[in-house]
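Here the chain labels run A, B and C in written order, and each chain numbers its own residues starting at 1.
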């Protein structure tokens, strides 16, 4: 029996991962689904990356979590990397699910194509409260390309505006991921085009982990909506010793 | 219910796609299987790319097709790109199935390895009527690598000599695919080595589409013969809104 | 009915391939599982590549094997390439399963990342008898990433120290693989990270074969332990005419 802490990506909250947690709990594990500061109802959208990371560290201490398998999805990779740097003794293994892997001094936008950075900045400037949202055609075609239109629409309606500052803040790390002694896994959904395959998640970002276990499954960036049971199995394959 | 127009690749006719059309029709859609000028019984093998494109535009007007999901396989990608440029108002979505994606001024041979161009030119020179054929060992090993020998042999016997001029003619486009506002999908068969994986279909050619939906399935370049039902499902996943 | 000769990789013997041979035999084929000199109980660990190759050539003559489908796994690719160069008339088709493909004058270490070469040299220097072993964390995370811990541990205990000289000896070939007229196939396990995906088996090494048939299956470098039945089917798909 393991303790899983699953950290969502940008625009999501922990609640969207409940259908993923269910099969993991049914297999006998404990699963936590915290929501990162900046994505909770009522949070200000000027939240930065350091506050986001601190909120998950606080979750660990508040719930006295130890020996955790800590997973981050997409932007959540920035967050779990910071958490692992700050409280390594509480973590048994890190899992990056199509997630960003930063070294000290990098921000999320350093790892995405320029046209995304331009889009985020334009949308954020227009909204004026520090938040960014995804246009639906991008969501439908390259984030959740494996689902039908009804699932794409229903899931889009669950998203919340995301604090753009968490994309532009450089992370401060004492130890880069490749030098961390915590065990590491990378889950790669093979049809994930949220990053274009010419500038891919794997092996471009995964290789920054040093020694890591690869788990691949068919699916898009939003497998949590399109096939949560398949994702749950991949998480357990990635999270076991 | 959608209207699908499936455009075959080089050496094929529409008839070879009947086993692919059957499950799509069974799901309630209309499916058209035109044969491109140059590949019909009796066609001269000096046909060029512009005539090939025009023959599919003519098919649309003759059958009064509108709101179509238009798919092209391999060389068919050259043809559907030209059709979309000429009659965009009749097309709802383009699907490229391991297909060439040209920009204005490019020919098919610009996107294949030099050893194929040399082979096509040598075979065409020997035949003398403007046509090119594929040697069986290439067909068996890199076009239909996922089938048994009986399927490889049976399908090879269905092929017709292909007009080499359609490989060397540059396409004339008013709008390149990335700038077309029509929705676009790319189906990538993951074992398709008709183009070597060092010079692959995806993401090398697919990325010329701009925003597009990726669908991947196991299979070779000739999944229409080795598993037409799986291909039909991929087409419907690629073709839905 | 075909005759298969399956040649194991470094640290293995033929015995570990028995669960792979069983379904191939059940399908009506003959399967040989020789062990390469240097990996047999009692073999000196100063064995070089030429002796390793010769031991499989000897196996062919001792058992009077002709018209063989000859497969090599990993390091076994070095060996079968040498065998095919020396006794081509006895071989119907070569299968490389996530295997090294050398040209004349290359050694195995020319095709692996520098950190592996450094590791092999350090381990070999420490052991002093010419042999090299794999640390368990590397085995578990990047060789057999698709299995549970029990399978990883059980299989690790079957491994034997491998002669490092077979990694550093340059192969002598009269004909490079791309110019060999024997039919060739490459089986690529899509989660095989024994070589990192930034420096992959396929297409980096497979493309050295010239014309070859690609077969891909999900799995790690050690699919012989994690799913021998799936591997057996891939071998038969790769080995048929």
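The definition used in the following text is that a residue touches a chain if its C-beta (ideal position, glycine included) is under 8 Å from a C-beta of that chain, and two chains touch if they have at least 3 such contacts.
Here is each chain with its UniProt name: A, B, C = Alpha/beta hydrolase.
Just so you know, these numbers come straight off a predicted model, no measurement behind them.
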{"item": "Numbering shared by both copies at the chain C (Alpha/beta hydrolase)-chain A (Alpha/beta hydrolase) contact, with half separating same from different", "value": "different"}
{"item": "Angle (degrees, nearest 5) of the CA superposition of chain A (Alpha/beta hydrolase) onto chain B (Alpha/beta hydrolase)", "value": "120"}
{"item": "Inter-centroid spacing, chain C (Alpha/beta hydrolase) versus chain A (Alpha/beta hydrolase) (mean Cα positions, whole Å)", "value": "38"}
{"item": "Residues within chain B (Alpha/beta hydrolase) bordering two or more other chains", "value": "none"}
{"item": "Residue numbers on chain B (Alpha/beta hydrolase) that touch chain A (Alpha/beta hydrolase), as the complex places them", "value": "183, 202-204, 206-207, 211-216, 237, 240-241"}
{"item": "Sites on chain A (Alpha/beta hydrolase) touched by chain B (Alpha/beta hydrolase) in the complex", "value": "137-138, 140-142, 145-146, 148-149, 190-191, 193, 196-198, 218"}
